[in-house]
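Could you have a look at this structure, given as structure tokens, before my questions?
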């Protein structure tokens, strides 16, 4: 592949991933609805996962599976499998955290009758 | 040295046992209490010898316990007054609640004070210092009165002092790598000038707090008057002397080797003088005997500080002699107030009058102490005051003499107020059934009065140990009798006595005493406060005509401008301001989850921005 | 060999999966099993610690792949000391809450004990693991258990506290993963020892950014100001024993992680002074906030945060003396603050707002609890002859020896503030009149026993600190010796 | 105002992250001697697992996965603890609706297929993309489908819990067996078979099947718990 095109891809892939992260973080920091905050956190994690997977990519590499096709084929480059394994773990953990977060949102809604994060501050100072 | 271990084990075990014995039997508790103060006292004076020390180590720190003549002198104050106060406390505490608590802290206080004087290293010194602080704090809050203000003020000032000392200790340690006081003294000469100035300051702050020196004295009146009197006699008599102990130690061993040391001395001496004056003025203003004595303690400690700070041979002698005397007479006075409080339930001059016939022994003890306090011959107080004046004059501190003399003279006002307010004046019906305090309370007072009397004539009894102590500290290069520079002492055989002229004073005094008491006892009649008429007007029931309340008014009006500026107020304002600031600062925690998350982002961004500076 | 470190994780996990099944057989088992597990681990950790102190660290590989290929656990003097401490506290907390949770019913009790056990396991895992990503997993285990436990009481504002914790926790895990991935992209390995041995080859810019992200992420868990917004709420709203576990166990693990990164993995010297800066900030802000609190547990929480700031300062000196002081402080803080949380939560047991004024006059009703609280208060402000004094002394000595007189003075000034608010509470307990509508609750026997154990330890360490300082000295020497750590781990062959 | 500050801050953060990662570069080998080469070699030579990600997840870094499974388990437990009271009081669904018969019949038809797909995915986790987690999620979607289409479809909580626990025990137990047989936790102690065969990879398929069951049970549990949560109004 052309190197300048690849350079563009570099900015594109990482840029997208980071942008997704920042969008998620923005949502978590600014949106007033608890649900949107939780969504923001999830989006942030997704961006991060994208970033991690992108880090493991190698030019021209295939999926790290030694299928028959790969063993018999000519392309011997594989992408880095470690980030993929890590991302799997990160996704699962992210799922767990999101589930707990949503259950807390349910509790908070039950308790306060609102999802506005500014009104849920009985604990302060 | 096994003795130290045994002594401290008895103190500790005794304290705990005494506390729990209260659950079983009150008398057993009293006996245990007395035992755990008196037995170690006996063991100490019979079993501990000079020069031998007990080294051991804790947490990798080498510690050393031992005594020299200097610390022995203070051990004498602590244990002597401690034992008498303990006997007194038995009577005083009878029937009061929280007896176990009182006994526990009493024993711990005595133990910690003894610990301070036997400590030859800074760590055990500090540990005992802190135990002393918190055990006395627990006594200050014993009554539960005003504890959030008075109690915490006491502890905060003590802690400021103690932490200043701790800072000094660890700085010294970072240079010497040991905690021995000996090593600190050795290494002091090689330190940088900055440290040579700062280390004594840090230590002196701690000692000045305990010795209630201006401007660190504001805790004292409240704390002294809040603690139970049986303890206050020890508190004011012995515990405050720990400040003097440390001060003399620092002044003699460190400051005297510093060329700039003269400034330390001047500042301390003046602060002491001002303390004496201010303490006296405030004492005059009080209507409560506890408060009066508390301020008086502050004032008396001012004399002591001035004496030791002047640092001439006589000045040091005067300071330490006054320290011993103060332990005696202030101990007695607080005991007397305690006895009155116990018998009448109040300590207010405006309420009590004419107890002289109800509590004659208490009166006698009070009279002796007041004479000693005022510095009137022939009691020991005179000797101390004389030496103080002489040392001030011979070292050309004329202004200071005037200040001290003013304080001392003004002091007569409150001395009189105390005597008159309680014991003289008309007998009120209200106090008709008041009886003399029980023997356990009276005997210690009388004993101490006797000591005061004896010391007035034979000051050598205590001057010699003081002399030896100062020699042990290395106050002067070669052994000598420091009192020889004074004009009032005679060496009589081996004993130091006052000029024979004093004997005639004693004789006259005794004559008048007998005359007045005997005569007065015979020819009095009952007169109530209201049994007078002023210009034909009969005073109403609710008019307070007690003489002792009003007679100081003119004087107080004269000095009112001075007294308007209370240091206490500034401290309070400062503390309030701080709390306001803290209140403002904790608004950082807004309670909004998003704000907290924003903090995280801000933190990360700021650290990233400054990463080249920080890392 | 008396056992192996992997059991610290494997046994509780197995038990955690078993507990729901056991609960179907006999309901009481859900309370007993975690205790049994912790007891076993306590014995194991003491045995291993004894072994390690004599004959050097145990490095255990998992799945048979030698470092850096597999994940490895390192039980050294340093980590072993912390693990033993954590498990001991876990045991105490379990003992304390054994009957305390009886009135909440079977299902919540099952979940409570399960989450508590996993909270401890997660913290232990953080300390034991030798792999940065594995540490992330354990941090998440601790985190999720923490969220669940914080929101345990349904009636209060606990969900709010838990949500704050969770929100910051999520951000923390994002930052942590970013940091891990930056390191991985440079070195291609996740093993701590190998990273440490190769870290000098990494471009300094990446190194610093990665370290900043690590500190920020772990700082959230370690309650560094200004990342600690969740902490006071979570401490105050979680059940008392959980507050104790947070203060004594979770925070310790996070601090361990920060320290491991700064001392062993990275070679950035500026990080030490950075530790001092953030530590001092945390100390000052937290203690000043604590003095103005009107809720007891919140006050304790701020105090706990402040103490952790002091721990970081002590680590920041970067000397062995400083590390010793910090470890000693961690030990004392774990014991004393746990005692304060445990006894404090009984002092305000039945009150609605958990206000400080509600402890007024409690000593008449709860004499032993009150005494233990007072003991803890005296100990935590560093009054001799209690345990806190020795650690404070060693911190100050370390500060003076590092010529940080400014830090020394500030720490002492803050100590005075600390003193004031603890004394105010103790005064209230002993000398104020009990409020009208306050209904004291007598502690159960096992709770009392748990508190007494901690109280006795305070006295023992206070009077004779040598019982523990030998171990701490070895632990601090172990942390300082980076080369040995790398060699110990990387010398393991398949 | 707050938004502007946040955007500025995020821009700064993005700048730092962006420059870092742009400099790291995309698709280039970043490091020389990473562990991945070892993994790629060993998974073929020793473990006979063709999906390297699986061999990393289950074997090389199996400890992480154990933790990961625990996180899920804890999430379910925490969820149950957080939402406890309501579920105790009201056992009915919060959202009640009736689906058309097309939906219900279709779901019934699809359900076995979904389950089968899930099982296939996790059984073949060591051969092809996929594995326990993915398979488990697919199975859980099958249950989600049923729960959405039938208003009174219920899953036995007890059985979910039992499956979950048993699967967890199998995972940890296999790990401990490895400890007993091989000396280290999670070590492979079974014959590894032939590469690219269904029965290959030693304990890896066993663990992944357990994970599949566990994830399926846990996710179903989460869905079920949240569905039965009643709102405040």
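By letter and in written order, the chains are A, B, C and D; residue numbering begins at 1 in each of them.
In this text, a contact is a pair of C-beta atoms (placed from the backbone, for glycine too) under 8 Å apart; a residue touches a chain by one contact, two chains touch by 3 or more.
Computed from a predicted model, the values in this text were never measured in an experiment.
Among the pairs C-D and A-C, the greater number of C-beta contacts is found at C-D. Comparing the CA-atom centres of all chains against that of subunit D, the greatest distance is found for B.
Chain geometry summary: the mean Cα position of subunit A and that of subunit C are 30 Å apart. Centre-to-centre, using mean CA coordinates, subunit B is 73 Å away from subunit D.
Centre-to-centre separation between subunit A and subunit D, using Cα means, comes to 16 Å. Each of residues 6, 10, 13, 16-17, 24, 30, 34-36, 39, 61, 64, 67-68, 71, 74-75, 78-79, 82 in subunit D touches at least two other chains.
Subunit A has residues 21, 25, 28-30, 37, 51, 55, 80, 82, 86, 89, 93, 96-97, 100, 104, 107, 120-123, 125 in contact with two or more other chains. Across the assembly, subunit C contributes 133, 137, 140, 144, 147-148, 151, 154, 159, 162-164, 167, 171, 178, 185, 188, 190, 209, 232-233, 289, 292-293 as residues in contact with two or more other chains. Taken pairwise by the contact criterion, the protein chains are fully connected, each one touching every other.
Listing the residues of subunit A that touch subunit B in their complex gives 25, 28-30, 37, 117-118, 120-125.
Across the complex, subunit C meets subunit B through its residues 163-164, 167-168, 171-172, 175, 208-209, 211-213, 215-216, 219-220, 226-227, 229-230, 232-233, 268, 270-271, 273-274, 277, 285, 288-289, 291-293, 378, 383-385, 389-390, 393-394, 396-397, 399-401, 403, 405, 408-409, 412-413, 415-416, 419-420, 423-424, 427, 430-432, 464-466, 469, 473. Taken together, the subunit B residues at the contact with subunit A in this complex read 586-587, 589-594, 597-598, 601.
The residues of subunit C lying in touch with subunit A in their complex are 133, 137, 140, 143-144, 147-148, 151, 154, 157, 159-164, 166-167, 169-171, 173-174, 177-178, 180-181, 184-185, 188, 190, 232-233, 236-237, 289, 292-293.
Across the complex, subunit C is touched by residues 16-17, 20, 23-24, 30-36, 38-39, 42, 59-64, 66-68, 70-71, 73-75, 77-82, 84-85, 88, 158, 161-162, 164-169, 171-173, 175-176, 178-179, 182-188 of subunit D.
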